[in-house]
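Order as written gives the chain letters A, B and C; numbering starts at 1 within each chain.
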Amino acid sequence: MFKKAVFLLTLLCVPVVLISAHAAHHEGWQCPEGYEGQTLNVFNWSTYIAEDTIPNFEQACGVTVNYDIFESNEAMLAIIRQGNPGYDIIVPSGDTVATMIRDELLIPLDLAMIPNMANVSPDLLDPIYDPGNAYSLPYQWGTIGVGYNTEKLPDGISSWEEVWSHEGPVAWLDDRRSMFGFALLLLGHDPNTADADEIAAARDYLIERSGNVVAIAADDGQVMLERGDVDITIEYNGDILALADECECDTYAYVLPVEGTGLWTDNLAIPVDAPNPALAMVFIDYVLDAQVGADISNYTAYASPNQAAIDQGLIDEEMLMDDSIYPSEETRMNLFTIQESTAEQDELYNNAWDELLIFIGG
Amino acid sequence: MVVEAGRGAALRNSAVQRDLAIRAVGRWLGLTLTPIFAYAFLWLPILVLLVFSFNESKSVSRLSGLSLGWYEGIFANVIGTGADFSTDEMLESFQNSLFIAGISTFVSTVIGTMVALALVRGRFPGKRILDGLLYFPLVIPEITQGVSLLLFFSILAKWWRAMSGQVIQRGYGTVIIAHVAFSISFVALVVRARLVDMNPNYEEAARDLGANEWRTFWRITFPLILPGVLAGALLAFTISLDDFVVTFFTRGAGFDTLPIYVFGLLKLSPTPAINAISTLMLVLSSLLVGVSLALQGREARTIR
Amino acid sequence: MRGERAERQPWQGLWLATPTLFWLLVFFVLPLLLVAVVSFMTRAQDAGGMLPFTLQHYERTLGIFSPILWRSLRIAALTTLLCLMMGYPLAFFISTRRSTVVRSLCLFLVILPFWTNFLIRTYAMRTLLANEGTINGILLDLGLLLQPLRLVDNQFGVLIGMVYGFLPFMVLPIYASVERFDFRYVDAAHDLGANDWRAFWRVVLPLTMPGVLAGSALVFIPSVGAYVTPVLMGGVRGLLIGNLIARQFGGSGNMPLGSAMSVVMMSVVLGIALLYWLIQRFTAIADGR
């Protein structure tokens, strides 16, 4: 629905732009000069950008954008660690930003080149994982919850217990820190623990409850849900909400389990050895433009960090009211955030996650 | 006694008949039913894909009406969710695939033919080791080839960066190197088989008539092994075009080949769109096979 | 005269072999050696290897990860067996067609799916078997089922997917050897009193064994290291060693562990290849060749 509206709007805008090219340009974001003919390599999560975001940027700056997708923070991190294969922009979550700063895998931002930083909500600036936004600026934020098929579960679902005990195929999410976070939370431990015994206990807790698990979704749980491969999937909120939106049906629903779940912020950052960091900063400024940011969030159904877009009424009203997209203070009390991951934590969680995979389904 | 003997014979007779009947059934099962089942097994999935690519709805079990909607999507440049997929990008990845398959086939055909000649006609120490080495790419699982090259290129890149401060980017170069590495063997083994079958008297006759090695090769040997060289090249080209695993581990940023692109599509796009794309790819590859078979048939006739 | 020439040019033809030698040593053997070395190293913070040397990755591979190793070998063996059971009669059927046109057509029908992109073929099989796929959909519509059969996202799905993907590798070598087989041997066996079964087991099968062995090797090797089929057909329950290795070089970030797994898998495959070679040698000697 929103997608169609956006599409129609773009369509309507095209003649206007053609007729009064100059007037239109003053309205929207303007590309600084001197980048014509250059190339930008973007490495982003799947289904995480509006359809015209990239083409518009290519047109505004006269550049070519190569767009690649990754499926988890860990997968992206592994690729950058093996030697950046040529990406200029990456989109790590908060804890991964901290890890990458620690391991010197990011290039500092030149904030003077990013005037649109002023649009970002003050709540999301200067985060714990990146003091002073030296290396990153927020892209979008959201929750992890449960997407399910209302035809298969007519009574709905509200808790993790019901996910574990469902009699039908279920997909988990290949986001080890969040998955262990749920288990640790339910066991009464700190979701950010570094204690080997607690992590082992969480692993065993999950293995015991994996009887109905058929897949560990690599950020594609919404597709499995849509294709009928699973009845329930653990996913990031926008992926499920965008699906519900797109099908214009009541078949898919998203809930935040009552026991509590995860909250995350994804960030725009520039990895070391990026071939074109200057153009990358220009791109960050472009994404933080109120209209561009609003288009992305309206399309992907994630929450926008762009306060200017919210204040100017560019974000879809319905979404702003939706507690599963912009959770209220009360809801947020129940959400945990994964903090920085030390090298020891990395190893403990990675090993536990691999061991868990072996025992699912025997 | 006599009666008993008669009964025994009758029993034996019926046993033989039963035996024969079982064998006939077994024969039928083995020689007729299994092949029919095998053909159904090979073709049913493809036929399902084909039929349901014309389905109006998303179902793959119930035809609700015929429609070209999924094909229209492809030609309207929309094949997936969001900005991740478009027909243009898919065609670009196909171009990359053709380019990589073309270059790696050329390189591996030239040096693969050379090594086949060396193995059959040459004599030098270590020939047997080289012979064994050629079987390596056939025996080592693809995943091992992929990760070993990933490790190799990543160590190489780090070392080079420390030495010269320059960054090596993975992309065409690394993928082509990897594809040549596994293609050489296929070419060499096919060409070698042809060379072994070849009658060496022709070459000796040419030399006796005063032709030098170079001339002998181009006038006599090469035309005779050409079908082998072409078959090897075709094999190398097909394998390169279809390769997913090794490419996946050696590719660079924003660099897709067709299989890499299709893999992303399979994970994230609605089923009927994929069915339509698959049908188009199937039609294309059948045309290619048809043409190559027709050419081979014609060549075979002209030689005879 | 020949001997004389050989003496004059002990390095004859080496230059022709040099490019291949270089390429295979640098871009094939060297990377494999790197894997072997890294497999004994400690995991570094950046997922690579560092000193000191350790055996812990082999301990984990053969310890806690051994169920996946066994699963991979079991599924590869089953795949090979099913391909053989289906591929042999099929190859036999094709090569015994009298008309050349029919024979070419039959062969073409096996090769054509083989020319289709491997991913697409596997996905087509998934479409057939999925929860909301063709088979389940039809059976549910007919009222023969109340719940969909779980045919994918488990080991069964991987097995079917691999048999489907690798069947042509089995058929083509067997076809080649059956086609070369002289059927007068069967007549001779019959004349000597052998029935069909006996003639098959004693004459046809031994003489087409090279094709069977080659086909089995061509199916077994890619099955052990399979990556794509388990991803598309197996979900998490059909995870194989190849997927686990890939994870160590990707998300799980433990290249030394992934290297150790690769070395173990490679040893198994090379061991089986050696066995194959020995069997071939043995049959060759037995045949007096």
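The rule we apply is simple: a contact is a pair of C-beta atoms (placed from the backbone, for glycine too) under 8 Å apart; a residue touches a chain by one contact, two chains touch by 3 or more.
Only a predicted model underlies this, so the values are computations on that prediction, with no experimental measurement involved.
Novice: What is the chain whose Cα centre is as far as it gets from that of subunit C?
Specialist: The chain lying farthest from subunit C is A.
Novice: Which interface, named by its two chains, has the most contact pairs?
Specialist: Chains B-C share more contact pairs than any other pair.
Novice: How many angstrom lie between the CA centroids of subunit B and subunit C, rounded to a whole number?
Specialist: 14
Novice: On a C-alpha centroid basis, what's the spacing between subunit A and subunit B, in Å?
Specialist: So the centre of subunit A lies 38 Å away from the centre of subunit B.
Novice: Where in subunit B do residues touch two or more other chains at once?
Specialist: Within subunit B, residues 150, 154, 271 contact more than one other chain.
Novice: Can you tell me which residues of subunit A touch two or more of the remaining chains?
Specialist: Within subunit A, the residues that touch at least two other chains are 82, 227.
Novice: Send over the residues of subunit C in touch with two or more other chains.
Specialist: 48, 130, 132, 249
Novice: Over in the complex, which subunit B residues touch subunit C? Could you list them?
Specialist: 23, 26-27, 30-32, 34-35, 37-39, 41-46, 48-49, 52, 59-62, 111-112, 114-115, 117-119, 121-125, 127, 130, 133-152, 154-155, 177-178, 180-181, 184, 188, 238, 242, 244-245, 249, 258-259, 262-263, 266, 271, 274-275, 278, 281-282, 285-286, 288-289, 293
Novice: Could you list, by residue number, the parts of subunit B that touch subunit A in their complex?
Specialist: 81-84, 150, 153-154, 157-158, 161, 167-171, 251-256, 264, 267-271
Novice: Spell out the residues on subunit C that touch subunit B in their complex, using ranges where they run on.
Specialist: Residues 6, 9-14, 16-17, 19-21, 23-25, 27-32, 34-35, 38, 48, 85-87, 89-90, 92-94, 104, 108-113, 115-121, 123-125, 127-128, 130, 132-138, 140-141, 163-164, 167, 195-197, 221-222, 224-228, 232, 242, 245-246, 249, 255, 258-259, 262, 265-266, 269-270, 273.
Novice: Going by the contact rule at the top, pick out the subunit A residues touching subunit C in the complex.
Specialist: Answer in residue numbers: 72, 74-75, 77-79, 81-82, 103, 169, 172, 174, 213-216, 227-229, 343, 346-347, 350-351, 353-355, 357-358, 360-362.
Novice: Can you list the residues on subunit A that touch subunit B in the complex?
Specialist: Its residues touching subunit B are 41-43, 46-54, 66-69, 82-87, 218, 220, 223, 226-227, 246, 273, 275, 299-300.
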